[in-house]
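Structures follow.
Presented sequentially are two complexes of chain A, the first with chain B as partner and the second with chain C.
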Partner chain A sequence: METVKLTIDNKHIEVPKGTTILQAAKQAGINIPSLCYMNLPHLDQEHKPGSCRVCLVEIPGKRTLVPACVIKCTEGMEVLTHSMRALNARRTVVELLLSDHPKDCLICPSSGNCELQKLSITMGIREISTVEHAAVSTYRKDASPALLRDMDKCVMCRSCETVCNEIQTVGALSAINRGFMAVVAPAFEQDLTDSPCTFCGQCVAVCPTGALTAVDNTSHVMRALADPNKYVVVQTAPAVRVALGEEFGYQPGTPVTGKMVAALRALGFNKVYDTDFAADLTIMEEGSELLDRITRYLNGDKSVRLPILTSCCPAWVNFFETNYPDMLDVPSTARSPQQMFGSIAKTYMADKLGVKRENMVVVSVMPCIAKKYECQREEFKVDGDPDVDYSLTTRELAHLIKIGNIDFQSLKDEDYDRHMGESTGAAVIFGATGGVIEAAARTAYELFTGKKLEKVDFEELRGLEGIRTATVDFNGTPIHIGIAHTLGNARKLLDGIKQGMYNFHAIEIMACPGGCIGGAGQPLHRGTDVALKARMAALYKEDFNMPIRKSHENSEIIELYEKFLGKPLSEKSHKLLHTHYFSHPKQ
Partner chain B sequence: MKKFELNDCHKKTIKEICESFGNKRSELINILHTTQEHFGYLPESVQLEIALNLKISLASVYGVVTFYSFFTMIPKGKYPISVCLGTACYVRGAEKIVETLEKELKIKVGQVTEDGKFSLDCLRCIGACGLAPVMMIGEEVHGRLEPEMISDIIKKYE
Partner chain C sequence: MYKMQLLVCGGTGCRASASAKIVEKLNESLKAHGLDEDAQVVTTGCFGFCEKGPIVKVIPDNTFYTEVQPEDAEEIVAEHILKGRKVGRLLYENPETQEHVSDSKHMGFYQKQMRIALKNCGVIDPENIDEYIARDGYSALAQVISDLTPQQAIDLLKQSGLRGRGGAGFPTGLKWEITSKFTSDQKYVVCNADEGDPGAFMDRSILEGDPNAVIEAMAICGYCIGANKGLIYIRAEYPLAIRRLRIAIQQARDYGLLGDNILGTDFSFDMELRYGAGAFVCGEETALIASMEGNRGEPRVKPPFPAEDGYLHKPTVVNNVETFANVPVIFLKGPEWFSSIGTEKSKGTKVFALAGKINNVGLIEVPMGITLREIIYEIGGGIKNGKKFKAVQTGGPSGGCLTEKHLDTPIDFDSLVAAGSMMGSGGMIVMDEDDCMVSIAKFYLEFIVEESCGKCTPCRVGNKRMLEILEKICKGKGSMEDLDHLRNFANVIKDTALCGLGQTSPNPVLSTLDNFYDEYLAHVKDKKCYAKKCKDLATYTIIPEVCTGCTVCAKNCPVEAITGERRQPHFINQDKCIRCGVCYTKCKFNAILVQ
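Presenting the complex of A and B:
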């Protein structure tokens, strides 16, 4: 490999030809601040519009300062990253960015998580000398059921645009207009709700400021908790337990399940249940549907639609309703675990507890922003009352615990409440890409072959590659499985199927990178995949340590079918646990 | 204003324009340029058709259209009016002419009348300073204008 030698701040270094100054400095342990630069190596996406000019560095002898994120290293180059000239220029750049930026940092939803705020603090900016009476942007705010778009706070880094168009191929957002009028918006400046936005929220996950944020439901939940007439139950998704700790100083991938349950109880929730229970239930329904379709297909029924697609991910559901309205009969009709939980909680569990439906409030804690939209869908309401009332993100739960003045680290581990709190290893891995289909395979194998599955781990289904394919042996019958995460990869896989490139029986799709562990409601990682890998490893470890690792062996699930539902795909199951899809072609 | 709806012939034209540039994303500006030459402007339906042909998002097409001031989403009138705001015309009262036109046509600069007959724009110097202030309606030049003359001139085109 051809290399070049250069000095950065008098440090001699050698880097491969084509390396940018920013990358070279990073290798040499020198930090150059940046704002618009975004590197997502696990998604093979480097975003460097060179627009913010925060990474300016000095090259002695050169007339102008240069942006380190785009300028490539050359032989013998000398770079100064903290000369007075560079420092002053960077400071001016940040002052100019702040000049028309709202100064309501104290109450901004991104306060404490804002890259612009961090730069301002680091640079010690206490007044903005460049512009005294600059106009502050006043663009209308766009509120959807899941996302908020406040373009007054946009710094035009356009990271959201790259994620929305290149990684997710959703194409809801683009930079429009120019100069001071420039904002990021859907076509014709329509609202996000009317655009092809899937509410996956990956734009929120990369937004360096408070321009794109998630709808905050903490105050609604606090009001419900304070109401003596309300019986408030909570469910926590599998991916939350391995990420929540990051908000309290734990290393990524530290499971904090017991402390989380204790914290929720301390906050005053009447019952603390596990979405994992509903994940096991999902496997019972979705796995049975998969078996039914495969069996009918193998028996020669040509009307069967294969492959079956998973339907747990609400952003993915929005994506196919918008982009593949001709394929609405292909995905499984099983509702997502969040919705199955809500439906069972407000029927079976409400009865068991002697609580009236109208007095029960179901809260979910999800790694996801799209879940906020999902729980508001009309088909998941009974006479206007939603099965799941409020969905919180992992970040919101962390806030709630802090608001509640609870010392998280000193909490003693507690266990979930019974009857909707037991779960298996199969449910835990729902949080990682490939996990749902692995869980389904464990159950489907035993139901299909009637034999005991000896090797529970399907390693061939795991990993972080964007599109994975594997064949699982069902006692002589090969079952072809496809897996995709990110909506861009989902599109590739679906277009491939349309063109007859693949021949799958079942496909799992998750909208976010890495699956739910990389959800937009998780503690923010902006660009690194270290947290993602750690969270994933933690989930598989939890699964490995579980005494029961197959959904159909969950004793509370067995009890639920015996006492309430009958059997999978029964009439009652169809009414409570299945759904249908709508055609929403949008541009 | 009525929405511009594409018929099969329009769609064919747009398809051919996109194909002539190899259906390349990188040729978007040229494609928009040629399409605007053909349709006179770039209404929503035309932008959508281009997005579908190039397999890019409508938002990104709209982003380019709104970035360059050359592109317009407002159609030109049957008789496009351009008032010169060059130095000579300006000092001889071109601003009054614009005001009168706005009042007379009930539109602002950059807009088009409800019936689609007139659109109003400003430009800088058409090289007829001796006739200041001047305006053009279509290809015709009207010079030595007084606000009182406007109403009669417009009537000639109705």
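Presenting the complex of A and C:
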């Protein structure tokens, strides 16, 4: 490999040709501060507009300072990262950013997690050299059911724009206006609800400040918990258990399932259930639907639409409803686990518990922001009463636990409540890209072939590759499977299918990088994939250690069908567990 | 064959003063006198002497009529064309001797000029390619593509020492050479005609007056770098230039000078126009490329330069209109001829748009190395109304203000930068003693704040902050600390902004701080604007000896700040006065004193 030698702050270093000054400095143990720079190597996306001008360094002899995130090292280069000239410039730039930023840090949703705040702390900024009453650029606030935009706090790093356009190919956000009033917004500064936004929330996940945040439902949940007339049950999604610990000082990928259950009980939830139970239920319905379509197809039924597409991910549902209105009959009609849970909780479980529907409050804890939108969709309400009342993110749950004065680390592990708390290894891997389709394959194989599946681990379906394809042998019948995560990859895959490039029987799509473990409701990791990989490994480990690893073997699921639903795809199932799609859901 | 030609300026300025009507009237008169077989009326590009427009020039006797009105057409025809008697009242009058000058060669405005880029402007009909060809047009292209290898042509251009006329002065030959070295399936030649400096119209005049020169040069460039496609990025606000370019491109295609296998060689080249929506920043080459690609017009960090990663990520040469206009003549007359003009490091000529408080406003082309004094006093005819010269602002909104002490500096790319300004694309605005330099700095900053794309922090926020400080100072509320902040912001923005526009945006502030610091001090410490431009710093008082007590001022004062008995001297209550100036304009006795 060709290398170049240079000095950074008088340290002699040698780096591969093409390395940027920022990367080289990091290798040399020098942390050059930056703001707009964002590296997402697992998504092959390096966002470096070089526009915030925080990472500027001095190269003696150069007319101006240069952005370390963009400029590549050259042979013999001399870089000064903390010369007086560079320090003064960097400080002035940060002061300028602060001068055009609301000073409400104490009550900002991103307080403590804000990159601009961190810069100000690191630099020890105590005053901002501007005229009194200096203008602050202000914009109309925008509140959607899932995302909030407070662009007064935008620093124009444009990370959200890159995520929305390059990674998700949603195209809801771009820069508008010029000069002092330049800002990132939907076209014509319309509301997100009127834009092609899918509420995937990945813009929130990368926003360095409080400009883009998620709707906060913690106060609603606290009020419900305090109401003696309400029976509050909670469900927790698979990906939450391997990420929540990060908010309490655990290493990424540390499973904290038992402590989480204990904490929820301590918070006063009447029942603590598991979305994993609903994930197993999803497999029963979606897997049966897949089998039904494949069997009919193999028997020569030309009307069958294949491939079947998974429908657990609400951002993905929004995406195809907006972008592929001609394919609305292709995805599985199975509701997402969150919604299946809500539907069963407010019927089967409410009856069992002797609680009236109107008194039951269903709360979900999700790694997701789009779930907040999903649970408010009209088709998931009965006479205006939503099956799931409030959806919290992993971050909100952590917050709730802290508000509840609970010392998380010292909690003893507890188990989920009965009847909607049991789950299998197949359910827990729903949280990782490829997990849903693997879980479906485990059940579909046995139902299709009538034989016992010996090798439960479908390694070929796992990984972080953006688009993955595999063929699973169903006892002589090859089943072609496609997997995509991020909406950009979903688009590629779908367009490929439309052009006849692929021939799949089933496809799993998740909107967020890595699947739900990389959801926008998870503890923020702004760029690094380290947490993502650790969470993924933890999920597969959980699966491996489960006594039961196939959804159809879940005893509570078997009980549910026996006592309530009948069989998969039954009339009752259709009413409670399936849905339909709309070409223009936002109009 | 016509015996005589009447050249009528068809530049945008003269057209605005009804030159098209003059053409119509001249034609009518010629017909009425039966002279339409003998004399021809030709609409040309800009003559440059806009101050005295509309211009009509009679060939072959080179009579230069100024400030011609449509109703003068009949007299010109009846007297000059028919009887050979010049119309004295339409001739230029030498301001010193009050004598009529009929030939432009003897006018101060033209004497020190040297026309290379503008050589055909005001001479040929820009809508007729034959006239261009008759003046050796397209022979440089023919010569280059049939006799020279691309590298030989590039070497000649390098020898000429031509530097880019768009602002930074990068050596043109070198830019072509670098681009030629990158291998790619497709390369592009881009002409930057996004002239955005307020008051500047160099590029517009060239495109309106001699569009073929630019087309020919772009084809030569295409041959040199291995590109078969040219794009002209032009402001949509230049309809006349666009029209003439379209005509010229079509005529060149019809003649086989654009298209496949030009002049029977293997070289193919064609071009199209792209329209800019008027954003100043789109004159920056990477922003221009982004705009052409259909993206938001904002610059990106360089390197990589467009030579490597340009339009659609292909190697691209971006040159300014004036740069291209210099190219054909360099190949015709040779690099030695070109490099013999100008200074050691800046060869050839430069076109300037001369404006402001000067007698001869217009478009001029002068050899590099000429002094500001020669331009202002000899070509420009000195300061208007005999006022005292104060400063000259060069380089457009992000240039700097130069003073008396710079008047004898020979002008070239490097000397202007050394003096704290820059060549820019060639705007030159003269200011006199009545101008407040703090207000001038504020004015340019307002422009920059308006035109900043908002991408990088220093330009987006920093310039706004500087403007706020200047506004404060102009209101008499500035402090010495504000001046420190102003200088720090200016220095940091210069050092940190992403693109050339941002990096040069503090120049008006820095150069006025350097050259007119006493004016800033007057505003900050004495709360005085001695040029009386800053309204908030003016004090209105009534001179009791002059005041007749007519009460007009008191009646018109919107805030009832003026009191006094009828026929007695009046008095202005300073606490109430809002300095609107109504009393000053209404007083018939000059009794109001503004200080």
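Rule of thumb we're sticking to: the second predicted complex is superposed on the first by the 580 of 587 C-alpha atoms of A that agree within 3 Å, B and C clash if a C-alpha of one lies under 4 Å from a C-alpha of the other, contacts with A are read in each partner's own complex, and residues count from 1 in each chain.
Going forward, a contact is a pair of C-beta atoms (placed from the backbone, for glycine too) under 8 Å apart; a residue touches a chain by one contact, two chains touch by 3 or more.
What you see is a predicted model, and the numbers here were worked out from it, not measured in a lab.
Undergrad: Taking the superposition on A as described, I'd like to know which of chain B and chain C A:T64 touches: first, second, both or neither.
TA: So A:T64 only meets chain C here.
Undergrad: For A:N88, using the defined touch cut-off, is the partner it touches chain B, chain C, both, or neither? Pick first, second, both or neither.
TA: second
Undergrad: Check the residue A:L173 against both partner chains and state whether it touches chain B (first), chain C (second), both, or neither.
TA: First partner only, chain B.
Undergrad: Identify the partner contact of A:L96: answer first if only chain B is touched, second if only chain C is, both if each is, neither if none is.
TA: Second partner only, chain C.
Undergrad: When the two structures are overlaid on chain A, which partner does A:T193 contact: first (chain B), second (chain C), both, or neither?
TA: Neither: A:T193 stays clear of chain B and chain C.
Undergrad: So which one touches more of the residues on chain A, chain B or chain C?
TA: Chain A has more residues touched by C than by the other partner.
Undergrad: May I ask you to decide whether A:M156 touches chain B, chain C, both, or neither, giving the answer as first, second, both or neither?
TA: second
Undergrad: For chain A, which residues lie in the overlap of the chain B contacts and the chain C contacts?
TA: Common interface on chain A, chain B vs chain C: 174-175, 177-178.
Undergrad: Flag every residue of chain B that touches chain A in the complex, lowest number first.
TA: Against chain A, the touching part of chain B is residues 44, 47-48, 51, 56-63, 66-67.
Undergrad: Applying the document's contact rule, which stretches of chain A touch chain B when the two form their complex?
TA: Residues 165, 170-178, 185-188, 195-196, 587.
Undergrad: Which residues of chain C touch chain A in their complex?
TA: Contacts found on chain C: 279, 296, 298, 300-301, 303, 449-465, 468-469, 472, 482, 485, 488-489, 492, 494-498, 503.
Undergrad: Mind pulling up the chain A residues that touch chain C in the complex?
TA: 49-54, 56, 64-65, 67, 70-71, 85, 88-89, 92-93, 96-97, 99-100, 129-131, 134-135, 155-156, 174-175, 177-182
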